[in-house]
Amino acid sequence: MHTVQYYETDAMRIVHHSNYIRWMEEVRLDYLDKFGLAYGGMEEEGVIIPVLSASCEYRAATRYGETVKIIAEMEKFDGLRFFVFYRITSMDGTVLHATGRSSHCFLNREMKPVNIKKAAPAIYEVFKTFKKA
Amino acid sequence: MHTVQYYETDAMRIVHHSNYIRWMEEVRLDYLDKFGLAYGGMEEEGVIIPVLSASCEYRAATRYGETVKIIAEMEKFDGLRFFVFYRITSMDGTVLHATGRSSHCFLNREMKPVNIKKAAPAIYEVFKTFKKA
Amino acid sequence: MHTVQYYETDAMRIVHHSNYIRWMEEVRLDYLDKFGLAYGGMEEEGVIIPVLSASCEYRAATRYGETVKIIAEMEKFDGLRFFVFYRITSMDGTVLHATGRSSHCFLNREMKPVNIKKAAPAIYEVFKTFKKA
Amino acid sequence: MHTVQYYETDAMRIVHHSNYIRWMEEVRLDYLDKFGLAYGGMEEEGVIIPVLSASCEYRAATRYGETVKIIAEMEKFDGLRFFVFYRITSMDGTVLHATGRSSHCFLNREMKPVNIKKAAPAIYEVFKTFKKA
């Protein structure tokens, strides 16, 4: 859920498209948090999760004052990378505003890609459960 | 060309990935402007160009103080939509920071999609030249 | 109430100071809305409320994952302009993160300053109640 | 100098006021850089310069496509804090868009305020020259 802020609008009087990429991050971090993968906790374990790619398809504009529902779900996890899919809809689900995707890998403190199974087995176990979902 | 601003960084000490989507817009509007398709001029003719989709693949992070080179080029124009491709590199071209894509259509003042050939032949003629390029 | 988003942080690993100015707007528009002065409604009546000035004193940084309480209150209304004061604290009120101020006037559709008492008496009546508060 | 970007506009079709606070930072960091006080260099010496306060008075709106001139100048330096004043005008200087102010102190790596004369005499010497200017 995200309530559109005035500062997110642009001169077309709609939300600037770059903000959807931010909303996706907002929801992704919440989503991982719910599975015990809080950003802070992972960072303490020395695991950094960068964005490898992000994309958004814009269907229906959003405007100041609207509140949207944003759903994130794991699409794929292969041990090295994971892929998240997003749907941004009106609160009642009848209007599809946008869909998006992002992909991510795991880095250690030296910013080197790691195999999460070896680097942080506990985190790996959580990601493995997504695969089945 | 874009010089990374401090306010574009995030807690990873790199540029937040959403800003690349903004840089792409910056360069796209400049690019269209160079072909006589200034945003203001098109708006006066009643032609609005929304973003249908945007995507970015992040290769190498950028940091505060760096200046990057951003190249936009038309990938495809089919009369109804056009597709732009972007490359973000270091100024000397040796580091590829990111590549991106965006797609767009043409709307009239009532926000209805239009065939640009009928709606604004002069704009169509310019877009047609891209196809050959 | 505002939950700090990752995209609001900067390379110092704290919220970039410009975001407090945005949070102040967020809370101000909510505050006016509660008094029946919804942004959309005022715009329909042809009343635009620009920002004349904004300032913020930063006391204690905020970080990703924190949730802050933001209180807006009318400081003064003189018929032509109004002044809002803001306090940003931790949710339990024990940490003062920042205080801020903003001032505003009333414009008509032609972007000319208006005396709100004459231009929109109903809106004036609401603002008058703030004065007593 | 800053060219207004489309993503900096809001639904009033003018630059969102929070961006002026960002432009002030942009110009301040350039200004300090010119005096040999590059952000990166100071950080290496263990000196962090946070924003204690920032304010802006908005006089005339700026719009997409405009380029503005932004001047920063040191107003005061007392050994512990410094104060910067900003003027944002049209390129020809005939339109005053905004004026602003910010204040700053010096922190060490532990985020404790320091007397810059003792902590980093070389940086102190540069700041002292501002006082005379």
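When the chains are written out, they are named A, B, C and D in that same order, and each has its own residue count from 1.
By definition in this document, a contact is a pair of C-beta atoms (placed from the backbone, for glycine too) under 8 Å apart; a residue touches a chain by one contact, two chains touch by 3 or more.
Every value quoted in this text rests on a predicted model; they were computed, and no experiment measured them.
For the pairs A-D and C-D, the larger set of C-beta contacts lies at C-D. Between A-B and the choices B-C, C-D or A-C, the pair with more than half the same contact pairs by residue number is C-D. Separating the CA-averaged centres of chain B and chain D is a span of 30 Å. Centroids built from CA atoms put chain D at 33 Å from chain A. Between the CA-based centres of chain C and chain D the separation comes to 23 Å, rounded to the whole angstrom. Counting only residues that touch two or more partner chains, chain C has 6-7, 18, 22, 25, 64.
Within the complex, the chain A residues that touch chain B are 12, 17-19, 21-22, 25, 48, 50-58, 61.
Across the complex, chain A meets chain C through its residues 5-7, 22, 25-26, 29, 38-40, 64-65. On chain C, the positions that touch chain B within their shared complex are 6-7, 9-11, 13, 16, 18, 64.
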